[in-house]
Amino acid sequence: MGLHEFIQGLNNLETIDRAPGYFKYQQHTVAAHSFRVAEIAQMLGDIEEVAGNKIDWQMLYEKSLNHDYTERFIGDIKTPVKYATHELREMLADVESSLTNNFIENEVPKEFQDRYKRRFSEGKDDTLEGKILSVADKLDLIYESYGEIQKGNPSEVFLDMFQESLKTIKKFNELASVKYFIKKILPDLFKGEFSNRDKLQKVAWDILIEG
Amino acid sequence: MGLHEFIQGLNNLETIDRAPGYFKYQQHTVAAHSFRVAEIAQMLGDIEEVAGNKIDWQMLYEKSLNHDYTERFIGDIKTPVKYATHELREMLADVESSLTNNFIENEVPKEFQDRYKRRFSEGKDDTLEGKILSVADKLDLIYESYGEIQKGNPSEVFLDMFQESLKTIKKFNELASVKYFIKKILPDLFKGEFSNRDKLQKVAWDILIEG
Amino acid sequence: MGLHEFIQGLNNLETIDRAPGYFKYQQHTVAAHSFRVAEIAQMLGDIEEVAGNKIDWQMLYEKSLNHDYTERFIGDIKTPVKYATHELREMLADVESSLTNNFIENEVPKEFQDRYKRRFSEGKDDTLEGKILSVADKLDLIYESYGEIQKGNPSEVFLDMFQESLKTIKKFNELASVKYFIKKILPDLFKGEFSNRDKLQKVAWDILIEG
Amino acid sequence: MGLHEFIQGLNNLETIDRAPGYFKYQQHTVAAHSFRVAEIAQMLGDIEEVAGNKIDWQMLYEKSLNHDYTERFIGDIKTPVKYATHELREMLADVESSLTNNFIENEVPKEFQDRYKRRFSEGKDDTLEGKILSVADKLDLIYESYGEIQKGNPSEVFLDMFQESLKTIKKFNELASVKYFIKKILPDLFKGEFSNRDKLQKVAWDILIEG
Amino acid sequence: MGLHEFIQGLNNLETIDRAPGYFKYQQHTVAAHSFRVAEIAQMLGDIEEVAGNKIDWQMLYEKSLNHDYTERFIGDIKTPVKYATHELREMLADVESSLTNNFIENEVPKEFQDRYKRRFSEGKDDTLEGKILSVADKLDLIYESYGEIQKGNPSEVFLDMFQESLKTIKKFNELASVKYFIKKILPDLFKGEFSNRDKLQKVAWDILIEG
Amino acid sequence: MGLHEFIQGLNNLETIDRAPGYFKYQQHTVAAHSFRVAEIAQMLGDIEEVAGNKIDWQMLYEKSLNHDYTERFIGDIKTPVKYATHELREMLADVESSLTNNFIENEVPKEFQDRYKRRFSEGKDDTLEGKILSVADKLDLIYESYGEIQKGNPSEVFLDMFQESLKTIKKFNELASVKYFIKKILPDLFKGEFSNRDKLQKVAWDILIEG
């Protein structure tokens, strides 16, 4: 029906909760997560630029803002399912791109289709902007899980999320923005008082110093 | 860790919403849905028995109560994804059974493992109890979508759900309980006053009389 | 109007919260509680059977699944009210059965009335299945209150609930399933880390060893 | 422990929902209801005073503000239960006053006990202030049910509430404030546009003109 | 349109959350806050009266019950904005009174306008009742922030609220009711067990003993 | 404390509801609104570019994404308050920029301060990107109010919002993107069936054809 459908779809992203199936003190929707990731990517982009690296800002914003729009079509497929086998992962990617293309062809007017194809394809590529998106996505997960741990959530799943996210970020530690995060932002997470603080700090430490 | 983990998992089913991504006036969790399906299956079982058919009640309750427990492991995979290709469907089924087996082997003590394997495998088989489960699952979806339509939800998706569910139920219309539902329960849905009543009734009618 | 009313009533059970009037991090509805109790009863039934005792599975599922349906008619009457005097308790039981009978006679078709009378009467009788229901109902309350204590709920009421529930369960400790619970499941509640863990464990200990 | 317990109890009234078991677009807690009834009673008191009747404002505010505080002790006992027999009603009233007295004796310091006894006893007596409380309590129920009907709630229960409340108010139609409400406030409820408006207006009309 | 609009406005107060922008375990609406403040003011009024001071109960109830009704017109203006400069504060007060007068002139019938003008003007004046309102408003904020601290809320903002509120209350410590609160009620807040108890008690101590 | 505070502030934007004080079927937070406005601005930017106009994409994304971040400092000041007098509006703008500068100076490291100053200042300037932001902000309000009207919200306030927003958008109708919206997107809002559809369409019509 046209771009009306694209706008209506934003509504859907406001009603999909992140990490369904776990008790959380504070819910985050896919819409709010997308906003957060774009803001965090902007912050990381600043750091890169100040460090002398060139940022393609249009691509950075575009990638981060739209990176989860397609959850509207495929839903939230859990990580253990998605990554079960290489074959399954490829098949799911095929289904995702076919559902997405279907939406683009039926709802998006011809003259805009290329733009939406680009926006709804995998943004986490090898460009600097793609790497920043990978980091920003995980950095938001660090803050989501940190928020739960800090409020006293007894579920182990949030410590796992924190750990996995930090490990992924560390893989990008050739980036100036990752170096900055580890050195100047991360330590602030352990400044307030909360019951699991020391444990959390040790977890972070162990990841960062090993290797 | 043992059966403690099985009980804790019930908590998860209370925090997974059905049909994420659509605005709903009234949310239903997987836990509540499971309760509803077991109650509806019991009602359908009554009808079959009164009609002279033998019900294996243990199997009927067991199948209906546990039919969505494994959503805890695989999450909510959207229908268009699940059914995209025959191959993908089989692969997802494999992943589901492997995650489920993994849970059973790690958490369920040996002496109970066979029972949980049976309960967590596909319950919608060709037995009368399996067929009743298929009908009860869709009948609950009819009531979920009916509740939204009746409250004035403008999204077309609930009319589609209603339609698809009724079509599936109709496929089982050799069952005494389906005949009873269509003749004696369904008409009551159109008795109250609400704005889309006539449209909904026509939709139901068209499905039931065609063929 | 027929069985339509019975199904609509399931909706009501999804909107009645357990223990209204106390702040809780996680709400539980009567529908979710009913699902949980049926799952827990199934687990206890397994244990009994493996221990060599015969279970009437139809009765066990039926009792546990339906044990709170009548809350729809009478609402949540607080324990201190219900148990104030023997006379009042009997009178309230009379009103409950009269409201329930009223529903059955007006809404349930004749041929099914006996079944609903059985299901909506007191299920906690002296049969093995009745005893398991008593235990399962309290075991769920243990997990509900445990969930709050573990998340840091400062209200004393949840410690009281935990205590009362464990005391009631202990009264049934001739059952194989209760022995199993105390020996093999309960200790897992004290394995994670949370601020009141030691206090809670002591409370449990004091109940179990006294006498 | 003293007045600290009285203040903490206000928290409880913020977590008890009115009319549990019915789907509502907008929830009202007992705390919010108490605020509303006191505001409405104040409005009705104005009308009486302007009409030349003397109001004991201390009593009017005290009665309306505190009229549901004891729900904290006894919970929400449904009308059909409460009014089943005269005997039961008296017994429940006894339990309520015994639980309330218990609270007063254990928590409220001696020098304030008489005040709380007065505030927590039945306020709907034959004084003008008692009558205004009766009217204000029902008038709030009229607005609660009106809010649901106006938003399209398909449940018949809200039309029943509206009807019962208006009937009760009508019984007090010797009061200047009731006359004013019927003549100058009620008609405004039917001014906006909503689907059941005409039906609702007819319901009101039928009650007001009969007899 | 008349008093109908006044009653409808109560609905609005039920949908305005206190302190938007901070994560809270338990939300409080302006309606619930108004109820709480009126109950607390009543409690403080008792203490004053028992101490031999005369209370104008009509004024005390009227002031406390209505003190935040005008938030409906002006919304929640944050403290740092409101108090930025003396000039801005006066201008905002002018806008508030102009919006309020506008409502009174358009919606409230002539014969009641004076009453609403009095109720919607600043209640925190130099009368004993005005002072009690100032104390009750802060005392409720103490309980709101205490509730969060006690449940483990890691945000510093609630400790600040607690501190600021206690400081303000202390300024009124010539009042018998404030003396009573500090001596007989406040110590009960530190009786239960929760992680920040000692810190909170020290904060209170430091405020009360300095000077 | 550095950029940690900037990220934590995103949390706040997830807990501020838009338009507090009005009953809504679906809540929107400031975080979700920011996401939506950035997505809509991107869509409008596409239309401009396809129409041959040059877009500074960095500025367009930056403006739209960050346009409400400062609500965190100043809260939600209602339109009638904000626009009461020219003088007040200027004073509030001064306070906003002083609170914002305060945050930037205390929390944002020196090397990034200029960027945040630009992002947190008024984005709705006379550049094409500034105009698109003005349109996108109102277009989102059109969809928010449309969502309520379509679901049957009886409050007149949403019709007012719809009307005011469309009037503002019309002022920018020299823009290619506004022409496109009016011609190709707006008509789709009136395609589904809902009770106030004809009234809403007439409202839109009257605005668009007058003058």
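Residue numbering begins at 1 within each chain, and the chains themselves are lettered A, B, C, D, E and F in the order written.
In this text, a contact is a pair of C-beta atoms (placed from the backbone, for glycine too) under 8 Å apart; a residue touches a chain by one contact, two chains touch by 3 or more.
Bear in mind that the values here come from a model prediction, so they are computed numbers and not experimental data.
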| item | value |
| --- | --- |
| Chain D and chain C - chains in contact with each | B, E |
| Copies chain F and chain E - interface residue numbers shared by over half, same or different | same |
| Rotation in the CA alignment of chain A with chain E, degrees, nearest 5 | 120 |
| Most distant chain from chain E by Cα centroid | B |
| Taking each chain's C-alpha mean as its centre, the one farthest from chain F | C |
| Between the pairs B-D and A-B, the one where more C-beta pairs touch | A-B |
| For chain C paired with chain F, centre-to-centre distance based on mean C-alpha positions, whole Å | 50 |
| Approximate Å spacing (C-alpha centroids) for the pair chain A, chain C | 41 |
| Per-residue overlap in chain D, given as positions that touch at least 2 other chains | 11, 13, 15, 23, 25-26, 147, 152, 195 |
| Graph class of chain-chain contacts, one of line, ring, star, complete, other | other |
| Which chain pairs touch, all of them | A-B, A-C, A-E, A-F, B-C, B-D, B-F, C-D, C-E, D-E, D-F, E-F |
| Touch list for chain A against partner chain B, complex | 11-13, 15-17, 20-24, 71-78, 80-81, 84-85, 87-88, 91-92, 94-96, 98-99 |
| Complex contacts: residues of chain A adjacent to chain F | 1-8, 10-11, 13-14, 26, 28-29, 31-32, 34-36, 38-40, 42-43, 46-47, 50, 57-58, 61-62, 65-66, 109, 111-112, 115, 139, 143, 147, 184-185, 188-189, 191 |
| Interfacial residue positions of chain C with respect to chain E in the complex | 23, 25, 152-154, 156, 195-196 |
| Chain D partner contacts - residues on chain B that touch it in the complex | 25-26, 147, 150-152, 192-195 |
